[in-house]
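Okay, so chain A shows up in both of these, paired with chain B first and chain C after.
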Partner chain A sequence: MTTATGLADARLRKKAKREGILQQAWTRRADYLYVLPAILVMLVVIAYPIYYTVDLSFFNTPPGLQLRDKVFVGLNNYVVILGSDVVWRVTVNTVIWTFFSTVFSFALGLGSALALHRDFAGRGVMRAILIIPWVVSAVAASYIWKWIYHSDFGVIGAVLVGLGLAAHPPNFIDSVSTVLPSLIVVNVWREFPFAMIMLMAGLQTVPEQLLRAAKVDGASAWQRFWHVTFPHLRGVSTVTILLLAVSNFNSFIIPWIMTGGGPSNASHIWITHIYELAFGRQRWGIASAYSVLLFLILMSLGYFYVRALSSGDRKERGA
Partner chain B sequence: MTRIPLAGTVLRGAVSTALIASLMSVSARAAPPVDVSKWSSEYVRSIAGTKDFDTAADCAKVTPLDYKGRLTFWYQGVFEGDPDLLRQYYKDFFATFRKTYPNIQLEEQALTYNDLLDKFRTALLGNAGPMVVRLQILGGVEFASKGYLQELKPEDVGYSTEDFWPGAMKSDTWKSKTYGIPTNNETMAFIWNADVFKRAGLDPEKAPATWDDVVKYSKQIHDKLGISGYGLVARKNAGNTPYRFLPQLWGYGGGVFDEATQHPTYGQIELNSAASKQALQASYDMYVRDKSVPVSALTNQQADNQPLFLAGQLGMMISHPSDYDVMQDLKKKATGSDLLKAQTAIDNMRYGLIPTGPDGKRAVVFGGSNIHILKPEYVDGGKVDQAAAKALICFWTGPEWSLKMAYAGSNPGNLNGFKTKWMKERLETTKFLDVSTSMLPYGVPFPAIPETPEIMNIVVPDMLQNALTGTMTVNQAAEDAAKKVKSIMTGGSL
Partner chain C sequence: MAHVVLTDLVKTYGNFKAVNDVTLTVGDGEFVALVGPSGCGKTTTLNLIAGLIPITSGEIAIGDRVVNDVDPKDRDIAMVFQNYALYPQKSVYKNLAFPLQMRKLPRAEIDRKVKDAARVLDMTHLLERKPRELSGGQQQRVALGRALVRDPAVFLMDEPLSNLDAKLRVQMRSEIKRFHQDLKATIIYVTHDQLEAVTMADRMAVMKGGFLQQYDSPAQVFAHPVNMFVASFIGSPAMSLIPVEARTVDGRAVLTGAEGWTMALSPLNARKVRNSTTKKVVLGARHSTIKLHRNAMPDAIPAKAYTVEPTGDVTFVQALLSGATVNISVPPNVVVQPDEPIWLEFDQERLHLFDGETEIALMAD
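Showing the complex of A and B:
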């Protein structure tokens, strides 16, 4: 009896809620019309490819057959991926690549933002200079860095040998142990200006009077940063880190152009591996299964990103 | 007048059957084919400049010169490693075609060797391919086997099958049907710097006779001069890698399958044979044991070896005769002491035959490109302008342009190109061309199977990288590669 009443109540609440949503939708129908074209475009250019990728991930696509002759294999591609030795190696590479690229880009961006937040002569010029790596095309940057790192006649090697600091040019990208850290350095160099810009914007929101009051109270520079500045940067930091993480997880240009995932697959990350499977080996089915898994990982990061943004909105409304 | 020596050749020749077939064909030219059995640099010189061809008149018989139409065309064009001379010929070709066929609206798109396959495959998935495509020699069978290409043989554009190298025609053949026409064919040669050899205590005028000698010479050059001996290339997804490793693999008596034999069946995987492992061991010895090759070999392409060679920092490499022109182009950018070094390297550049294996076996990749027409359903717009397509193909694969478009880096696909006045001019102006043409009879085509691009561009470089980085032993790397080839051939998972 109690249960029946409870269920009935729940149904009533659901109905009321549904009516509420419908009512709201009707009231805001003009808003929906405004965003309708964008939604339609997204359905075509995003939703359909996602659907097609998911669909393709259930098929085997032998390289000797056309795609239309694909063979349904159910979840087999996912089983193959999870049982493959390569996937674990590529995953470890991807985690290392994403984690260190994100952490170092953020740390360097934060340091630069704090330095440039202070007033000094030439600050504008310094800002412009530091933004250059982010503005430079990733393709051009990759080729330049390839020559800087070149294991036989690269710039770094020539300088070190010229100064007598090394007998031979160091091996940066032709060694399985140094290739990934070397690529991470390039990625951090390219990405830290983005973190710097975001955090510089965040620093504008730190109330000046709070910093002055803390100074008057005898707080050290570190204490002022940790207890006043950093809490104000928490929101923008979360968003920046999430955006960097998503971008790094998806990063293709630098590893592909500089090493093509080599040597011996030591710099293959998920996205380059997927590209090679699809376009180099024509294993569209298995590449699609990889893509679906990558999509799920990125969507979960996206969820946290949206949550971080919404929490900012909620705080603003609360204030 | 020009037929007399050729008729004599044919009467003497071992390919009389081919001649009869050629003469009996409906070819617009009906020119007797070159006698491949007599192939030598002397023979090539003897036939050069013995016949004139009128490309416009010949192609007019295939497609009238006032034909009005539209054609989309993708091709493997010039890239960073090619000489400026070749760029000019490409410009000249399209200008001449447009002038000859003013009413054909040609929309051409050049792509580099390494990008073309990826882009073409992707376009085909969306039925957005071009009407005509010129692909690297290892690509044709893949697309023919999948049904993307129309049947196309030399006779369709006024030539005879006998006008082309049999090995090249094989790369256009799938299940006894022909799907394309060769535009150019090439075999590379062995290049060395005589000055480097001399300073390293080697005979400056003598190329290493065997691959074992290459390993020894490379070490000697490195030990004595502190520079790289041999220009090893082991980059993944780059055509340069199989083109340089397979001659070594075949020389030692190995192979991916039995492709280096007279009648290959591709039934048995040979990458893990003792001979194949010996070839891989030679690369390992140079890279790991002796450290006598560029450290950057794992990320290098041949284009990266060229400046090293020009700077006198590399003793030996495998490449085209066009590298001589490339060196001249690169020299123009050098100044001061660099200019002197460049001039020294060019003056001391020597070409020789590719070394043999321990049993005297000499082999080189029979490379080149083929031109194909796509089926309408895979073309952007769903239509193929057959007449316009044949006009372009006739133009490119004819004796004149198949020679000019291969002027510095390759050889004409149409064997009649060797008889033209431009071939004579080429022999007089292109240094070391003799060596490259002499290598043609040693050419081994890549396996004519759809899986070849994946095997050559991914599995073979992976094998090399696994061994050279120490990720696997030579034995493990060869076994791993053989396993991957087996998996690919049986359509298994990765």
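Showing the complex of A and C:
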């Protein structure tokens, strides 16, 4: 059966090469018909906005004027962006934000997945509790954490002072040096359950017999993890890290609600910065140019995501 | 190599006794098969010996050392698993080297041992491959190799052939037997396939419901099963077990079947039957010890052919007697038709008698 379809595939591919893409499309027109509705929707809600954003990035839109009065400026918006100080600040923030949020969420997720993988009394309850941050609305969580961090009424400050560890409550999100780490903590708290769930699913695919074999072979608990469990998690880990990275790169709610990018841009990341430029200051052209650059960066991340996914497929087919 | 001694071994899960007072000794260099149906406790026993699960009570000694509380890695054992349990991300070479690396052997020595093992198992050309690029038989050989490089005191094998297809299983069976002969290794081998146990093992331990039923050489187990379970489990096709009643007619001991037939017993068999707790006795006979006649004969029991199964070498005829199916083998040139009347003559020297109540084999005083 496999060989038959394999042969048929090979024949089709050969034929396709001879026929050219248009003729091929015509011979397979029924297939195209099936995906047409989806393609139309994608064109309207995705392709057109992308086109419009790219188009807009070549125009200046002075505040106070209507959008149709925009002025063509060529690549000037890009020149402005790449020459500004803010862009570097925001880029560094975004890299720090994305990198540390992803790494810590993954590490914490892996730790809790491993902890919850063993059977113990109250495991179900623990699992449910650990998933709470992920199901809580991001807006609600942001407001709660804003209060937790609050320099006058915050719990953390009160505890620190109460324990005598600080003379007065620290200014977590009003200080340039602590605001970004503080926000990263909130973000990690919110998204580590996602990594945990993914990895818990992955852990269930690790064959028990392999772990037993490693035990007899003399591997310690850590060696069993490193040589047996972790290699089994490689595929799901790659996917999880990429999904976390993309979602962190695109974060908006937590930094926007908690600090709005402040103080003095210390917690601005690309998305919040773009939002502020577009909807706060009506600088549509500049914001669009930023978006185009962001789009290019995310597309390259997306490329690795798809490749990671399909490499798993290839391996399975090879097996 | 070393001997293994299990003394009153018990493993319970809650109220369920998976292994029940098992006591047996595996001699140095001996091949012992633990055999029995699913859930009989054979794999649990093996895992107890390996130290993968803790024992409830009893004692396990490997060599002269009691290993009850010793870690699996320090028991000087190697294990071969049913699903091979090869590390999928590692090449064959690295799979073989892994247990040695874990023991922190010098690299040169690891290399020498891995290559030696590869030579012994004829897989030097496979060393760079990943497990998924190997056939089932090759994977099992790598698993065997990984056990071999360790040069352990005892090899534990958990149904190593049950994932292979029938043809490969026969081939690997003789390879493992050869492996045992060449290495003079102590092997404890778990299988549910009585044929594997009979063909490979020096001694076999037949288990059921967590209890050790019989522990003896395959020939002895085959010839002198201690109870009806062992009798029906070992041998293929299974021994026919016919419920009968012991009586005395004209001063002679006879067995009578539900159909009203009687069978006179030899003096030895008569003495055995006398030891039955009740009149209920079970007559056991292997297919090759029953003679099939086409005409009425003195001492032959009338029956009717039920099904006829030609296999090429022999033809098996099944008949119904006292509600039990009786298997008889005849040469392939004997053509029996279903429903044809036949007469069965039992070999008094080789028939088995069991107590109908306790199911234990009856012995003469």
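A few comments on the model shown:
Please note the rule applied: the second predicted complex is superposed on the first by the 289 of 319 C-alpha atoms of A that agree within 3 Å, B and C clash if a C-alpha of one lies under 4 Å from a C-alpha of the other, contacts with A are read in each partner's own complex, and residues count from 1 in each chain.
Methods note: a contact is a pair of C-beta atoms (placed from the backbone, for glycine too) under 8 Å apart; a residue touches a chain by one contact, two chains touch by 3 or more.
Nothing here was measured: the structure is a model prediction, and the numbers come from that model.
With both structures placed on the common chain, the touch criterion links A:Arg283 to chain B but leaves chain C unconnected.
In the superposed model, A:Gly260 makes contact with chain B only, not with chain C. In the superposition on chain A, A:Leu75 makes contact with neither chain B nor chain C.
Of the two partner chains placed around the shared chain by superposition, chain C is the only one that A:Pro207 touches, whereas chain B remains out of contact.
Look at A:Leu67: by the touch rule set out above, it reaches chain B but stays clear of chain C. By the document's definition of touching, of the two partners only chain B reaches A:Ser84; chain C does not. After overlaying the two complexes on the shared chain, residue contacts for A:Gly218 are found with chain C alone; chain B is out of touch. Comparing chain B with chain C, more residues of chain A are touched by B. When the shared chain is aligned, no partner comes close enough to touch A:Ile46: not chain B, not chain C. Here chain C touches chain A in the complex through residues 50, 52, 72-73, 77-79, 81-83, 85, 87-90, 98-99, 102-103, 132, 146, 150, going by the rule given at the top. The residues of chain B lying in touch with chain A in their complex are 118, 121-122, 125, 142, 145-148, 228, 234-238, 294-299, 308, 311, 313, 450-451, 454, 457-458, 461-462, 465-466, 468-471, 488, 491, 493-494. Listed in rising order, the residues of chain A touching chain B in the complex are 60, 62-67, 76, 80, 84, 86, 146, 150-153, 169, 171, 173-176, 258-266, 276-277, 279-284, 286. Interface of chain A with chain C (complex): residues 207, 209-210, 212-219, 223, 227-228, 231-232, 234, 318-319.
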